[in-house]
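Read the structure below first, then the notes.
Note that the chains are named A, B, C, D, E and F in the order they appear, and that numbering of residues resets to 1 at the start of each chain.
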Amino acid sequence: MNKRVVTFGEIMLRLAPNGYYRFFQNDQLQATFGGGEANVAVSLANYGLDSVYVTKLPGHAIGQAAVNALRSFGVDTSHIVRGGDRVGIYFLEKGASQRGSVCIYDRAHSAIQEAQPADFDWDAIFAGADWFHFTGITPALGPNVVEICKDACRAAKARGVKISCDLNYRGKLWTREQARAAMSELCRYVDVCISNEEDAKDVFGIEAAETDITGGKLNKEGYKSVARQLADQFGFERVAITLRSSISASDNDWAGMLYDGEHYCFSKEYHLRIVDRVGGGDSFGGGLIYALLAGKDSQAAIEFAVAASALKHSIEGDFNRITVAEVEKLAGGDGSGRVQR
Amino acid sequence: MNKRVVTFGEIMLRLAPNGYYRFFQNDQLQATFGGGEANVAVSLANYGLDSVYVTKLPGHAIGQAAVNALRSFGVDTSHIVRGGDRVGIYFLEKGASQRGSVCIYDRAHSAIQEAQPADFDWDAIFAGADWFHFTGITPALGPNVVEICKDACRAAKARGVKISCDLNYRGKLWTREQARAAMSELCRYVDVCISNEEDAKDVFGIEAAETDITGGKLNKEGYKSVARQLADQFGFERVAITLRSSISASDNDWAGMLYDGEHYCFSKEYHLRIVDRVGGGDSFGGGLIYALLAGKDSQAAIEFAVAASALKHSIEGDFNRITVAEVEKLAGGDGSGRVQR
Amino acid sequence: MNKRVVTFGEIMLRLAPNGYYRFFQNDQLQATFGGGEANVAVSLANYGLDSVYVTKLPGHAIGQAAVNALRSFGVDTSHIVRGGDRVGIYFLEKGASQRGSVCIYDRAHSAIQEAQPADFDWDAIFAGADWFHFTGITPALGPNVVEICKDACRAAKARGVKISCDLNYRGKLWTREQARAAMSELCRYVDVCISNEEDAKDVFGIEAAETDITGGKLNKEGYKSVARQLADQFGFERVAITLRSSISASDNDWAGMLYDGEHYCFSKEYHLRIVDRVGGGDSFGGGLIYALLAGKDSQAAIEFAVAASALKHSIEGDFNRITVAEVEKLAGGDGSGRVQR
Amino acid sequence: MNKRVVTFGEIMLRLAPNGYYRFFQNDQLQATFGGGEANVAVSLANYGLDSVYVTKLPGHAIGQAAVNALRSFGVDTSHIVRGGDRVGIYFLEKGASQRGSVCIYDRAHSAIQEAQPADFDWDAIFAGADWFHFTGITPALGPNVVEICKDACRAAKARGVKISCDLNYRGKLWTREQARAAMSELCRYVDVCISNEEDAKDVFGIEAAETDITGGKLNKEGYKSVARQLADQFGFERVAITLRSSISASDNDWAGMLYDGEHYCFSKEYHLRIVDRVGGGDSFGGGLIYALLAGKDSQAAIEFAVAASALKHSIEGDFNRITVAEVEKLAGGDGSGRVQR
Amino acid sequence: MNKRVVTFGEIMLRLAPNGYYRFFQNDQLQATFGGGEANVAVSLANYGLDSVYVTKLPGHAIGQAAVNALRSFGVDTSHIVRGGDRVGIYFLEKGASQRGSVCIYDRAHSAIQEAQPADFDWDAIFAGADWFHFTGITPALGPNVVEICKDACRAAKARGVKISCDLNYRGKLWTREQARAAMSELCRYVDVCISNEEDAKDVFGIEAAETDITGGKLNKEGYKSVARQLADQFGFERVAITLRSSISASDNDWAGMLYDGEHYCFSKEYHLRIVDRVGGGDSFGGGLIYALLAGKDSQAAIEFAVAASALKHSIEGDFNRITVAEVEKLAGGDGSGRVQR
Amino acid sequence: MNKRVVTFGEIMLRLAPNGYYRFFQNDQLQATFGGGEANVAVSLANYGLDSVYVTKLPGHAIGQAAVNALRSFGVDTSHIVRGGDRVGIYFLEKGASQRGSVCIYDRAHSAIQEAQPADFDWDAIFAGADWFHFTGITPALGPNVVEICKDACRAAKARGVKISCDLNYRGKLWTREQARAAMSELCRYVDVCISNEEDAKDVFGIEAAETDITGGKLNKEGYKSVARQLADQFGFERVAITLRSSISASDNDWAGMLYDGEHYCFSKEYHLRIVDRVGGGDSFGGGLIYALLAGKDSQAAIEFAVAASALKHSIEGDFNRITVAEVEKLAGGDGSGRVQR
């Protein structure tokens, strides 16, 4: 599909013990790369789009390795600014059963956190672009990055580029107040908002009273209410909400809902045996952007996004290593996991 | 048990990413060997039979490694013909949850595919033999191999050796029409037929109308009908059918049925947490041959075969690394998986 | 918490194939250390107690590695006697689905098995101690070790140190008669007895008629009866019983009960997806000792012990690598396994 | 450097036991990609050139993995034709001391071997190109590939693109007579010829009587004679010869000579402790092409090429993962291997 | 030996590709811990001293893992201050042959870099201490850490604790001018100075004209001159100088010299096949401190220190995992590397 | 070659850290099998002989794994007696540079150590045999095993089977006096004696005054004298002596000498870069037995044995994974280690 999508954010070095080891239980770490928007960029490249990822990375071998990881999927890295000292790091320990996964962030002072608006030439970046995506993690990196995001949104809007944003609140990066201030302004540019119930509440205080996110079964009416409030408040064309029921670190139920201003389209629900849960939300975003650019209707779009992200939970690493055909097969109803010979 | 069983087919190099990695997600592949009849041969050697495996393999180190893998289990490899250029390869990516396993075959032009009838001295091979087993994959390798299979069947029949065949249709190797033509002729020699519902339909067009193989719960009456049709059409003494309900790539239900011309014996059903599903059907065949040679009655035989293959799904690699005692323990009802200290 | 706990027993080298490989399926073994009381000692060190582990280990590099493993958790190893020839070994093959885990012990002639009472200066060891813990595995090592246990119990009792014992019957080490004789004498010193239904029966012939340990759902009344009989017979202050329903090697239900002479407190039950089941009972013991020393009431204590041991089943190796905060989180009701960012 | 170089050939899946294991000594293989011209393409991308690699690869996941491997270095893969069945494979066992490395090729019937001239649009491929490189391995793949090479050479020549060829005789792919016939015709288009003494003799029968390639120290006069004869016979602008003294599989001496029609420029000689010797010659070619495109004089060019390839021998895999700065440092005289902090 | 040695500095997470892989060549990193003074602390603990390591580390799991690594050797970690955000990181790529090892530091903003003088109670730390050791890397972490070092030196001096310092200039942390200013003041407290020729020149401008450090064979007279100048300028009791000739990243010659104000004692020279060169200098320091505390004369002390550090080069990781007996065996002349059965 | 060779001894589980790690530096051990006579048996099977290995091994999975390891090479394991409790273990840490390899034996109480003469039916074992080989390690296992060795020697002698013995003194298993008593009696049956200078001295007190085994270059006259004394004293037909100069754990010189009663034939000397030194002597024995059975003259036999064992030093594990063709190639003079394509 001949569409060009720009994503902007932070790609980090992800360091994870192998298997179900706790941190430093042995002397090996699995070292890969990932980050909210980078994960979306990889999904889109895998779906055959022209996927452009923008960030700032140091010139040294660690920064280069992040570039190479993206290039291997065919992501266009030519707009990545090189400079700064650090690649942000996150340490990830995979949970199982009642023991949840643990993230320890070591991302302060990374190149992108210390980037300045002048580092990016958004007009050049958006040449020929159809879509721009970012998440709430990126402005959380600092006031300077809020400014860069605003520049990007303004430039995108000026060129008629669609904008999507995954709210993705990170309490370790900023306060709810800081988030609300910055995101309220950025969301004015956004056409498609992606959220889960927690993010809507953490960032904008929007909630549906009767849902309890740690307690199992989700509440469909509550989600409709959250989506409608978000759309009303910011004028989003569409609001997509992911619905995760976390039974344990090993088993989740997973579904999604897309509100297009008219219909509330709920997807099938999948029972997931989890291989790697991190990047699951991003793979939903990637699937949704692809589906909307491909012209799918709302029900088909949410089915594609949820099937794409269901499959992500079976894949190691942040990136969703999956093709359109694989997603369509699952969205079309074949989730039996039989051997494909 | 002092019984001699000959198996004939292709043993391949199996190259699989470790764990749940997708193909080439990192730079390591697990390299083992396997193949329908070789898997049966290993099962039988593990059960203490005199197990003779026949194939053709190149003289180089890759061919030798296949021989060594079989020898480590005590399989008699002295009738393996050495020559040709290639060991067939299959790449296997293990699935999880909704993502099914993927096989990519690279087996064309292997030594056994290019073997000629004159390569094998079946009279010598069957000296002292009690049983001969092959699968539908072997004649699918080419018309030359169909001829070799016929030679083998004729020689076995002439010596009073029992013959079993697992239909095992492989659509990437031949068409349904080719399969039907060849298998119809070969099945005239066969005493014990092993199948699943798909194979019976793909190869012989035999089906029970009301079953839907991707849709969950299986239909017992349908299976009886398939077995009876198979027996009626080819004069099989016994027809064994495996019953797999694929809930996801991680969870299957597994059972079997043995029709002995009189009774339809259904086994217990096991809920399987899958470690490695490939070779599951072969381990059923191995269990069944052992059980019948050991003189078990039909119900005990199907229980043994199904317990053996249930255990296989918990074991990495094509080969069923299990003893008679372990199978008997499960068939006898202890599936609690408690630690054996 | 400023409490000093002494544990005494055998720490072994644990050699396990990686993942779900059967023994020697490839050429690597995971080599760690573990043993009933050592596992408790590590739990207690992780909970911040002053944890002293006593054993005898050879002076060579294998013995030193066992010491180093304990030291890395902050266990006080200064009372470990060095000498003898062997570190005991156990080979562990992890099961899955219907295939149970297998232990092969190679622990005869270890340094601690050949230790003599004169090797240990219990008065020095118990200086400042609040608690002493051992299991039924330790006296099973030989009559000399029964004597050492008696010395330890007498010295502990004389100093007013609380004593706990996990009955832990090992049929490969001694007969039921030997166990009953030795344990009956040792249990006279014990304040807190930990058992499961099998151990109570194997060691003391105490059972509740209607329970079937291989058959699924457990019988609460039966457990109460066992606990009461144990307390009545030996005068234990408290009896704790672990309740495991082994659905398969991959799935267990897990709970516990604590009888304090007055109340029978049953914990919540957890459905466990098992990563590593070995050491699960020991982690219960560690959790119980901590909870009692921390002054928790019986219900809170059993909840802590069961939550601690539920988490252990998600962790590779004998040792429970978990903090008090993590246990409290689960005991407090959050078992959703969500990512902790 | 803003130069565009096109390379054409076969990229194979390279399967190698880890470390110094013999084939199948354990169950893991290191799986990477490589091939004469692909190795050059990666070198050039690493040096910052616009590097375009052309081949034919199947559409499946193995073919895609080869593309991804090249993309990760920034090689332009947009002209790779997709189709065919197989990715060629070579099995590599790394030698040490007196035991030489072993290659087993399994490359017959690969997509590129079965490619046809019509698969490639050389005019489009050479748009904007400055250089074309291929090796003698490529025409050895079959008469159809000879034709493709001729097409490529003609198209390159017509556009004034410089052509380099590494003679690289492979006796397992064709006879000396076949090689001579094809290479004699192709070499008429070549400007820069790369060879070692064996290749010149095997392909063209050109030799210097007094050198003994298995016997240690090399003969400089002999190399001059070979270079002169090659240049005289085919009109090469430049002839580069690699000089390897193989002391053992662990230790080699390594140097090179460049004849520019006027001067015979010998490089420094390096004593190499070998990490991975495969791809050493290709890294020489990559270094030479870069150096000549960068406008270095003959002495500087041969020093760059030899330093680049000396460094390759310290790097695992076919690809030379090295920067211009690292090559210049060594070529400039710093081979002390001190830590760069 | 009943001596107490305090070391102070930064312990970092060391992330290194396995074997000779370049950075991120595959997806695994070897994750261990190390740092100048921590390496000395581990050496001393291995030699049986009471070794106290002081630093500041975050409270999270990464910080705890650093503590655990030290504890496993028996290092006393009770004076480590917990707090701050980061554990410093260094990425290490092991070189071979002409390719040198590469360090990329990511240590800015670590807990110890942001520590304050009030974090450390030196009087408590030095209670019972016999020796204090630090390196020039520690004050290079920032002016606040210079102040902490001064506090430590003053407290040590006041208690009659011997002080040793390894000059260890790190150009990426501070300028020569900053180093000279800080180190000149700190060296007034130092009794035993450890240096190599480069450090003496970089920090204090002290050099012996005729030596060329990248050019191979070292100049003994030059080293005497450097030692004498250092001793004269700062009043050191002893100056020890390490003598490394770096033939390549795989082969070094290694020796040392100790000047005690009277004699210049040169050690034997060892030809090293390098397994891991990082920590080599620190292991020399550890050996020297042990030897001097053990009362060895100058010649025996330098032989011990050089033998200890020669052995370090054969050991993976920063830490010197070696016993006194092993060092004495080599220092005593047995460097044949025969198997010890 | 149609010759049958019987070997008898102990096969152990070999547990070694990977690469150059010290014991338990990480949590993985390489687990393989080996032992003096088993190593010879594997060599001979690899050379195409009918190789029968005799020992006693437990019935459990560890014992079975040892059998399987031998079977994979085609060694005839049908005479292995099953019973007893333990497989002997040795822990091996590979040395490098000045750090020698370390063996820690944990073999006491193994099945073969506790075997009785009645376990073995030597007449059946030697049916059709041409050669019997054992080493001095086997009688060192205990007086019962000395008796078994005597039984074997007597039975072999009675059938005209040639007997070879490698003296192989192990000071940890018995005293020099015990060794001399037992070996003097056993050597009366031996036709071909294999030794190194140390063994001749340790076992029989035979030495050549002027040689210093830790000091480098070996003394040819001394070796002649030792061989002659051995032959004179015991009436050996042939005495073979291995000549190792241990420069370091990484570099050895290696040669051999064969005395046939008439000539002293010295082999070429090889400079070895060592991958794995253990089993080097056994591979010499295997090469020598093959060469003598193949009818080679003394010079050719010693060249074959030394080339075979030179190659072994480049191979991981106890077993010499090498073919006759590979040995002949090296013995024929090609030790350049060039890639075999």
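Operating definition for what follows: a residue touches a chain if its C-beta (ideal position, glycine included) is under 8 Å from a C-beta of that chain, and two chains touch if they have at least 3 such contacts.
The UniProt protein names, listed by chain, are A, B, C, D, E, F = Carbohydrate kinase PfkB domain-containing protein.
Quantities reported herein were computed from a predicted structural model and do not represent experimental measurements.
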Response to the item:
Per mean C-alpha coordinates, the chain lying farthest from chain F is A
Item to complete: Over half of interface residue numbers shared between chain A and chain B means same, under half means different, so which is it?
Response: different
Worksheet entry | Centroid-based (C-alpha) most distant chain relative to chain E | B
Worksheet item: With chain centres defined as C-alpha means, what is the inter-centre distance between chain A and chain E in Å?
Response: 45
Worksheet item: Just curious, how far off is chain E from chain B if you go by their C-alpha centres, in Å?
Response: 62
Discussion item. Residues of chain D that contact two or more other chains, please.
Written reply: 19, 22, 25, 27-28, 68-69, 102
Practice prompt. Once you've mapped the touching chain pairs, tell me: line, ring, star, complete or other?
Written response: complete
Worksheet entry | chain A residues touching chain F - in the complex, by the definition given at the top | 25-28
Practice prompt. Within their complex, state which residues of chain F touch chain B.
Written response: 68-69, 71-74
Worksheet item: Contact residues on chain B for chain C in the complex?
Response: 19, 270-275, 307, 310-311, 313-317, 321-322, 326, 330, 333-341
Fill in: Residue numbers on chain D that touch chain B, as the complex places them
15, 18, 22-24, 27-32, 60-62, 65, 68-69, 85-86, 89, 91, 93, 102, 104, 106, 108-109
Worksheet, complete the sentence: Interface with chain D, chain E side, in the complex: residues 19-22, 25, 95-103, 105, 170-172, 214, 246-251, 277-278
